[in-house]
Amino acid sequence: MNHFGRLFQISIYGESHGNSVGVILDGVKPGIPLSSADFTADLLRRKSGGKGTTPRIETDEIIIESGVFNGYTTGAPILLRFLNQNTKSKDYSNLVSHPRPSHADYTAKLKYNGFNDYRGGGHFSARLTLGLVSAGVVAKKMLKNVKFSTKLINLGGCEDPKEFNTILDAAIKANDSVGGIVSLKASNVEAGLGEPYFDSLESTISHLLFSVGGVKGVEFGIGFKGANLTGSSYNDLIIDKDGHTSTNNNGGINGGISNGNDIEIKVFVKPTPSIAISQNTFNFNDNKVEPLVITGRHDSAIILRAMVVLESCLAIALCDAMLIKNAYKGD
Amino acid sequence: MNHFGRLFQISIYGESHGNSVGVILDGVKPGIPLSSADFTADLLRRKSGGKGTTPRIETDEIIIESGVFNGYTTGAPILLRFLNQNTKSKDYSNLVSHPRPSHADYTAKLKYNGFNDYRGGGHFSARLTLGLVSAGVVAKKMLKNVKFSTKLINLGGCEDPKEFNTILDAAIKANDSVGGIVSLKASNVEAGLGEPYFDSLESTISHLLFSVGGVKGVEFGIGFKGANLTGSSYNDLIIDKDGHTSTNNNGGINGGISNGNDIEIKVFVKPTPSIAISQNTFNFNDNKVEPLVITGRHDSAIILRAMVVLESCLAIALCDAMLIKNAYKGD
Amino acid sequence: MNHFGRLFQISIYGESHGNSVGVILDGVKPGIPLSSADFTADLLRRKSGGKGTTPRIETDEIIIESGVFNGYTTGAPILLRFLNQNTKSKDYSNLVSHPRPSHADYTAKLKYNGFNDYRGGGHFSARLTLGLVSAGVVAKKMLKNVKFSTKLINLGGCEDPKEFNTILDAAIKANDSVGGIVSLKASNVEAGLGEPYFDSLESTISHLLFSVGGVKGVEFGIGFKGANLTGSSYNDLIIDKDGHTSTNNNGGINGGISNGNDIEIKVFVKPTPSIAISQNTFNFNDNKVEPLVITGRHDSAIILRAMVVLESCLAIALCDAMLIKNAYKGD
Amino acid sequence: MNHFGRLFQISIYGESHGNSVGVILDGVKPGIPLSSADFTADLLRRKSGGKGTTPRIETDEIIIESGVFNGYTTGAPILLRFLNQNTKSKDYSNLVSHPRPSHADYTAKLKYNGFNDYRGGGHFSARLTLGLVSAGVVAKKMLKNVKFSTKLINLGGCEDPKEFNTILDAAIKANDSVGGIVSLKASNVEAGLGEPYFDSLESTISHLLFSVGGVKGVEFGIGFKGANLTGSSYNDLIIDKDGHTSTNNNGGINGGISNGNDIEIKVFVKPTPSIAISQNTFNFNDNKVEPLVITGRHDSAIILRAMVVLESCLAIALCDAMLIKNAYKGD
């Protein structure tokens, strides 16, 4: 369902071509200064218009519909909305019978018996991530001292940032798309966040990350490469009374609980499925495989815009875990 | 918290050296034949005693404490218990001041203000996975036709199964440990399982997988290697009216929803942190780094026993998603 | 928190004098015809303007912001909004220091450290029930054959409907207010809805009813008067193979589960706390008891408008229970 | 489902004639001294054997199966079990075809397709309340200064405690049963507990109270009698800077949030449905109404044993609300 969180709760709604998309945040601490300007920076990081992103430009002006009064959060639910304005009236109905491969077109139709709003991906559109980014902004405010550092470390298989521009140009020229890997880091995270079974910090963070369209892999610390290590080389030795470790192969989490070191995560985002190259895939009307050419406006590398979304997911999960920890503080 | 699931719910409890460990299952359909014999096969797959596993042997006899009557599930909660019998009375308290690196010793102490049961890992012991395996057995019964295929595809960095024995021998001889990668596959999974935000099938499956101690990476389909592909090579083309695809890079899930192809997942399990090699790590009593030698009984490759646990997590998540889908069937 | 439901989920938001109030509905079955006209009748029952209700008139036009496409529900979350238009710009801040007795003014201030939006009751305003009524409309559509019958059976202590008008006139003339008792009945409710511990049908229904401002008592069937009966006179004897009973003292629920007879409930709604009569109550600015005269627009008998709200709560709880039951149907 | 609570979570299990009944408590603060002796007093209040209670005597010895170490709670889940020992091997199967009126026999059979354990009421037995009482004991420890005062204020329609013995004797002699009304009071409850929509303190308290078998009415403060009052007489005037009120018609809760005055509740418990008097009710085997004579051991006034159970429900709800409030304390 479209709801997440034990204390810091988010409920997401909207479709690509409906009135608006957005999110209700509940469990926000009262007394936090909050205005639309607070969202500008992160929303800009998600914005389209740059190379490799869709030419559909939206103003993405946030409307704070409730839960803020005199410039401060009230403790009541905060509804944040974004109007859909630059929607093209083209006919998307061909995608119902001739679904885009690797996309939600086919599964959404099955799940919702054909009643889903298919225009621009409908409820499955990347536009829904506006709500996540907004929720992340508020979560970061509640987390106070936590610092986030998010980097693109792999684009289209290449790990050299200097080559990323070339990779992107090639994909655009080929009417193709690329994916890659994002590195997330959160510093100054208090130790003791997370629960054993079943809300380990890895569990709640990955739950949110995997809700973002296109995410197909999540690893903590050294991740899968750790298969090459033995226990004696993998183990992070504690070096001081604050629990700092010599290495951070575990990504700052042991037994599902933060250990005070940086939370380090890598996330694989698949290549954007919507590409302009013709693809031979099944047409359910004609009952045979036929070439599909997708004509809409799309991102060649959605990963560029996904970075801040993934960072927001991390912030949301940490904020919820922090509130749960707070509940048990004091006498 | 120690509870998971929307309709198929599990609540886990227990410590390594307490009376017992186990699980309450709620939301089980009434009328399913169930006896202790049904659990034997999967419990055996998790059992210790083989090469690379701890010499702590437990009978692991399941006690069906409630929820089954005349050989059938009743629809009421099923409490499944496993007595802890072969517990050694050795003193574990040194691990409180001199915590094992990469283990929950340190974080559990912080989180629970030193009141956690530290004997044998306490609530963080791998013994808790008995409850998960048991829950998985019941979930599989509810899933009926779904077939699971679980394989060890990487041990200690090696991907050749013929070499796994050698890898294991070397680790044992070196008093060290190894991790690796498990491949999970579920076939005959009905299309339409999973929700968009925030309970994508990837989200709920990974939530459970990451609750298992030692899991540090989860990827679907081709996973991180997909960063090397462009959209045109990554996309899974649909080849027939049943939605079968030519490749399965997405691991059977699009837009968070199963597409009827096999669910394919890879899970990285880190090397067992408890090793007999001396490790230089902080002693909080002496306030300095000192050699730590762990003398208990441990697994050299906990991954061997984790395979069925991970498979169970997958079954539990699929079962919950199936029930949710059922709720919307019919007129 | 402002969220309820296991499968049919509602998330409420808004304040009396903010932009809007409303609700997100999740877990709605796709394919249900839905337009703003469907809400008209129930919204009208909640509307103000009649005798005994506030002169604040709002158009209460519903805005279906998402989740409906081509006239049918899509299965995605439905955001329903109502603009706040007829808000008076008067100064409410005196109520912060001189809170209205029996109202949320004082507790909201404490809970939210003074950051709550106090204008017109803020998030605690009866205006929030627009979301409940709207959710109830959708729930009733999903329940199909269930019929609701809602009656005012006690106004200001009087049980004779012919006298209600006189009671109301007297309260208005006295600048005072009255409460009363509402009788709810749902017919054609399928047997087998509800769970033993802890989601008995009484539990979930009362949970929702008591979330409505002013509700201070809920009883099922004969209710508190049943204290006068012995078991032999209280027990509802079954009279036919469909489980019909000779009496309905249990209100259609046994062991927390619907038995196929009518669900019958009585709900006590307290007199509207906001009255124009001067009241001697503590002024926190002056640190002493002082007369408080409330000058805003208020209902003399909010119960008149609450009836459809309570009926909606019943519908929501039944709808959620029905979906849960559906999940276990079939093989 | 058999699970409740946002932070202080309880999961109940068991049947009257199974191995055991009990509860898992999760979200218990670590470091609370806890031993079986702590449960003695409240378990004794629930115990049978006195006049008007069933002659089935159980030792009700509590088994602390997990979550307590060296005499203190660890923060891990606490499984509390009670063995079923004094179970009679009589045949209960006639109740399946000839269900007891006003009892769960009929609804349980429908809900669980006849697979429910019907012996002694199975999962619907009052024996399950052992888990609630135990959870209440732990909740009270976490609530520290809160004092509970629970009284029987109506037995069989009589409000004079001096006559209760006579009422009881008459019921026993007549092979009949009686119900009544319990008054619950919690003092020293911190102001600010509870949430607006949908977890008002009334909502969560009533949710738990109505999960107890036989509870058919819940009212706060003056309750239904408040219908006789006007707003000016109902309203609780604030008399000092601590928020104390001159009256407590609202039962200590405004806007769903505790106001610092006593929480006051009245609960109607219906007459025990199982009576030895012959009752003419439908026999589904013979397809006609026939006399039913119930021969088991039963309570003539289950309300006597229910008092501590209801008090426990109140404690559990307050404890959960307190933890949620704690989460938002501090900077």
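Letters A, B, C and D name the chains as they come in the text, with residue numbers starting at 1 for each one.
One rule holds in what follows: contacts are C-beta pairs under 8 Å (C-beta built on N, C-alpha and C of every residue); 3 or more make two chains touch, one makes a residue touch a chain.
The shown structure was predicted, so the numbers you read here are calculated from the model rather than taken from an experiment.
Student: Hey, which pair has more contacts between C-betas, B-C or A-C?
Tutor: Between A-C and B-C, contacts are more numerous in A-C.
Student: Using residue numbers, check each pair in A-B, B-D or A-D against C-D and return the one sharing over half of the contact pairs.
Tutor: More than half of its contact pairs match C-D, so it is A-B.
Student: So what's the Cα centroid distance for chain A and chain C, whole Å?
Tutor: Here chain A and chain C have centroids separated by 37 Å.
Student: Can you compute the centre-to-centre distance for chain A and chain B, using the mean CA position of each chain? Integer Å is fine.
Tutor: 25
Student: Could you please state the distance in Å, as a whole number, between where the Cα atoms of chain B are centred and where those of chain C are centred?
Tutor: Each chain reduced to its C-alpha mean, chain B and chain C end up 44 Å apart.
Student: For chain A, give me the residues that contact two or more of the other chains.
Tutor: Residues 1-3, 6-7, 12, 30, 75-76, 111, 123, 196.
Student: Mind pulling up the chain A residues that touch chain B in the complex?
Tutor: Residues 1-4, 6, 10, 12, 99, 101-104, 106-108, 110-111, 123-124, 128, 154-157, 171, 174, 176-181, 191-192, 194-200, 202-204, 206-208, 210-211, 213, 215-224, 226-232, 234-241, 243, 245, 249-251, 253-259, 266, 268, 270-275, 277, 279-282, 284, 287, 289, 325.
Student: If you look only at chain A, which of its residues touch chain D in the complex?
Tutor: 6-7, 29-30, 75-76, 196, 323-324, 326-330
Student: Which residues of chain B touch chain D in the complex?
Tutor: That would be residues 1-3, 7, 9, 11-15, 18-22, 24, 26-27, 30-31, 63, 65-67, 69, 72-79, 81, 111-113, 115-117, 119, 122-123 of chain B.
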